[in-house]
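Here the chain labels run A, B, C and D in written order, and each chain numbers its own residues starting at 1.
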């Protein structure tokens, strides 16, 4: 048990680091695409360290104070509930804690806590960002749920392990290929989840100054930052397990998550931004339609 | 038979006034006519051809009376009916008088405040 | 339109009434319960006038109701017109000398005649109602003749009330001494076709006569008074 | 035994005497008038008692003049006649007293004579055994009525009297002609004699026509549609006291004699005649009253309608094919209806006498004018509308049950009329309870009070009659508790005492009902009710609140009727308690700000309840647990009432305002427990009614969609709601939608989810509503944009609300997640995947309003006017803490509830127990997945605390700054208001889903209501007010009767 916790802790550190690195890579790639040099890929580590070492931190109240903890624990918890390598006694983390349903709800916890803390700051941009984020979530959740349910019904299981096991036996057994429409829907909704362009109105750095965490600084922000990074990694892992057949070892996990990471990155740099209602309606039409196609297929076949 | 026909006609004439006439007094008169018709009808129902009135004031009427007199019961009933008709007419007239004293008109169209 | 509609309705109604009436052939013998009245009326009541026997005794309760109806009408009329300001032109002078003289002569005679009718109600055609009406017509005659003629209102009310009470009390006397309300066995029935016969029937008819006379007189007076302009 | 002739003779004598006394000493007339009425009343009552106690065995026959029946006139007084006489003189006494206090019009002796003779005529009509004598009494009654109707000498009164006179003359002409023809045909005038002849085979080809002539005349007097325009005019135009006597007493005599005549003359078509005219009158009048703006005319329509119902019941009695047991039911119903209508309508008309003006608007605010007025009005309206526990309710129950044997359409007709009645009576009630200022009201209230007390007193009698006929047994303990609850009203002088008494009573109730707390469905819900009520009651601590003195009694009635409901073993009993609960809660909602909301609630509740009653009447067996398979339509009918309480789409339109504007202290009960009664009811329907497998799946699927759409749409609407309580209302309804969905699944797992959520929803929604009550109490508003930043002023409430919201959103590790997990697992297992998608989406949307609740109330900027707000009162805080604990404990140990639920489901044989295993590492394991609650809780809490400690140790110096101290692009905000984002928080999202939140249901329902109202208004125009027309109607309809029914 203690060994497991230790491994989990190590994985977590690795996850955070990986997340920060991916963030750096994305900044670099974006810069290159825009014909800039861009910061180094290690810039996020530098920022984090700088924030962590600040002398004073400004707080607006209890909830504000607790929110970074919510964020970090929420992100880390999500990460730990997703098996990195299915079947491995150590790298499957705490996936015994719950199945896919548990995971999907647990993901919200960190966001909710962060949102509340941000809202207590008294800065109007924070709740504006939060409401945008929540609304967008209502948008992308529909296609995502559709595809998740497709998988659950198809595999007759709600556990990630079960879903991964169902994809074993060659690349063509990946859900990406067995349920292409559902996968397409899920990957489109991933764009919304990552709040990348064109669904970036949630953060909108130009007008509402990154929205929710706008009042956060110093150590608080460093916590948030790491929580966010590991949360992103958790999502990549989740998608890997759902559609790309999981990972049989750590290397595959790196490769597959990196591939997933690239998908929003490429989209984000070639699209303008949508207004919120446009995003929501977009999510509720095309990707939903795709998801429904597979759902109907499953329903009729069953 | 003519009694039946004429008394029914009287009832119908009275009712015609009630249905068609726009003057309150005429409606009351119609009701009165109708009463009269009814009374006549009742009386004629009790009549038996060739019989005398049911008043036994001679000795020969005392024996075998039922073959000599008409049916007295409708006559008794009609007495009551007449009196009741009079009473209704009296009350009707007093209401009409009051109505007239309020609005100074007997046109029924003026008395349509209560409706729907 | 409205007339034609009314006519149509009435024709159908007439048809129905005719259908019912024509099922009872006119003038033919058909006895129901009244055979009992005709056959045993004399024996049971001694009243020569069978109609009176029925009105006052066999169906005396109807008559009590009838008296009540009249009383009600008089009361309602008096009540409603008691505050009526039914201003209308009404002559303020007496009628012509001829009418006055004739009225003065006829007045006592009419009253006497009325009394005769109701006293002999059980013997001859007529009875309390008829007699009362004759009396009221005498009063009406006087009202038409003399502007200042006013029957005593209290006297009328008292007569009316007492007569009504008398009817009820006779009924109760029957209940107490005769076994049932309005029973005609508390007084000797006497001999057929005599003035003093038929038990309580003449008494009741006298009361009815008084009552109807007073009521109708009051009725006419009230109506007439209501139309008189106030000074 | 008192000889009935004494009543008639003495009354007549007194009338004549009054005539004399009036001429000399007008003031003394009262000394004859009142004693006579008292004597009449007592004499009739003695006879009635004789009949009831059995000391008078057979009907009293009075032979007038000593002649045997066919020869002389006779009075025949049986039980019915004695009862009616008592009723007539009782109403007359009330009216006389009332009129005397107000002052009779002068000359008073005359009016007393008319009054006395009207009562006497009515009594005579019912006593007499002779047709011609009947005619005489009809005339006495009519002429007295003409005089009395005109007695106020107002123009309207005179007009009404004139119309009545014309129509009445025609009707009595018909009666007279009929009677004389009858004599000619049968040779007799005596009712018994003629009846015997006809029963003995006498026949004549015109006998039918003759009988119909008499009946048509009586039907005119009975005010059947459409020949009742004159009657409505009387109700509107005449003196209310006169109307009370006419509607309360005289008409009932006509009704009795109608029944007697019809049964003596015994034509096979009579029952159809009565059914058609009675039913038509009933339905049409109740419907025509919808948009009536004149209070008296509205009451008139109601009277006419009630009379129609009586005639309809009479039709049932006359029907040859009615089984004997149903006949007894109808008889009891008729007795109760007459009793109910006479006293309630007298009370209402006498109350109307105290209100200036006749328009409904003039009644605004009268309820707050005096407690006596309020009591009498409420009682009378409740009883005339047929609501429990008054006699009208039991009558309706009996009538419906008997009619069900006859035809389901008749049941539908009766219930439709009853619903229409609720619609306009409660529109009236709602208008009357509007208005802040007290209306000026006369103080002549004793007579209406006595009448309504009489109604209250008649409750046990009515209950006993209905219980005998229906073999209905209600749990005695609950009845005792309900009675005690009403007694709490007597402590009205002190709210604190009432509160303490209520707590005591709930404790006593728990003690009394302890044996029923078994591990079955009833026990499960009973436990929830009792424990929940005790906790929520604690939070209603009155303090300085402005609670109505009837708050606590009504509250307790709701609680105990719920207890009775779940303990019911028959559908009757369930329906009775259901209605009690509905109407007590209506009163409570009406005490709040939303009077109109209460009205809509009343209407929909009634619609649901009557649908349920209709369903019950068609069930083959009244026992709940006897399994029936009547098919999906009946099941739907039965569940409509439950669906209304659960506010399932599209029956949800009442919920927002009823929850939002009900008294803050009641809303927790309404949401936390009362809505669960719908859950309980539908559970019964699912379990015991739809047994047929093929129909079950479609029925369940339908309700499943209803549940999930409720969840979805209500959640969506909650997102855009700007009022705290209304937001919570939508949320509550949405959650109940999930519960319905779980039940509809009809799998062990689905039911586990539903029952778990039922309990859990009570915890978090009870907490939220209690907290909301506390907040509203402190802040003084429920409008979200006026709040914000309250975390600084009420940290405890924030913390409690935070946990409740987390549970509400279903986020682990708190208790709410279990319900979601079970539900989704069950949904996917069952294969309802489309529903699952919508359910998922709905619960995602719930995050939107969850954030809104916490942000708009507690976070953001504290408004200036709220700077001095204190933490919620201590009792509220205590309740918050009590309700907080299970949220956390269940989050870690869901088995604390899952195990009892499994045991309960084990009792429910149709379902079996859920396919769940429990292991140490995986936690709860279903066939689909697993979820380790304890691990999640420990993991989350551990990690959180660890992170916190680490943070506290490593972080820099934390500086707390003021709320306005934010980085705001260099601008300097002047007030917290500038910085608060609390209004239109989801406007952007609203633009995306505009098309989804179009208030379709509200518009459709309102459209239906208004279309029906418009039709009613058009239909009412047949009452043109024209005398000729009314006369034509009378003749036309009589002819129609002759034409159609002579065969």
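Note that a residue touches a chain if its C-beta (ideal position, glycine included) is under 8 Å from a C-beta of that chain, and two chains touch if they have at least 3 such contacts.
Quick caveat: nothing in here was measured; it's all calculated off a predicted structure.
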item	value
Pair exhibiting more inter-chain C-beta contacts, B-D or B-C	B-C
Distance-maximising chain from chain A - centres being C-alpha averages	C
Chain A-chain D separation of Cα centroids, rounded to whole Å	53
Chain centre separation in whole Å, for chain B relative to chain A (CA means)	99
Separation of chain B from chain C, taking each centre as the mean of its C-alpha atoms, in whole Å	15
Of all residues in chain C, the ones touching two or more other chains	2, 6, 9-10, 13, 17, 21, 24, 30-34, 37, 59, 62, 65-66, 69, 72-73, 76, 80
For chain B, residues that touch 2 or more chains besides their own	11, 15, 19-20, 41, 45, 73, 77, 80, 84, 87-88, 91, 95, 98
Chain D residues counted as touching two or more neighbouring chains	132, 136, 139, 143, 146-147, 150, 153, 177, 181, 183-184, 1028, 1032, 1035
Touching pairs - complete list by chain label	A-D, B-C, B-D, C-D
Residues of chain B that touch chain D when the two form their complex	11, 15, 18-22, 24, 27, 31, 34-35, 38, 41-42, 45, 73-74, 77, 80-81, 84, 87-88, 91-92, 95-96, 98-99, 102-103, 108-109, 111-116
In the complex, chain C residues that touch chain D	2, 5-6, 9-10, 12-13, 16-17, 19-21, 23-24, 30-34, 36-37, 57-62, 64-66, 68-69, 71-73, 75-76, 78-80, 82-83, 153-154, 157-158, 160-162, 164-165, 168-169, 171-172, 174-175, 178-185
Sites on chain C touched by chain B in the complex	2-3, 6-7, 9-10, 13-14, 17-18, 21-22, 24, 26-35, 37-39, 41-42, 48-51, 54-55, 59, 62-63, 65-66, 69-70, 72-74, 76-77, 80-81, 84-87, 123-125, 127, 129, 192-193, 219, 223, 226-227
Contacting residues of chain A [partner chain D, same complex]	52, 54-63, 65-66, 68-70, 72-73, 76-77, 80, 94, 96-102, 105-106, 108-109, 112, 115-116, 119-124, 127-128, 130-132, 134-135, 137-139, 141-142, 145-146, 149, 152-153, 156-159, 162, 214-215, 218-220, 223, 275-278, 280-281, 284, 295, 298-299, 302
Chain D residues within the chain C interface of the complex	3, 5, 9, 12-13, 15-17, 19-20, 22-24, 62-67, 70-73, 105-107, 110-111, 113-114, 117, 124, 132-133, 136-137, 139-140, 143-144, 146-147, 150-151, 153, 177, 181, 183-190, 193, 204-206, 209-210, 213, 1028, 1032, 1035-1036, 1038-1039, 1042-1043
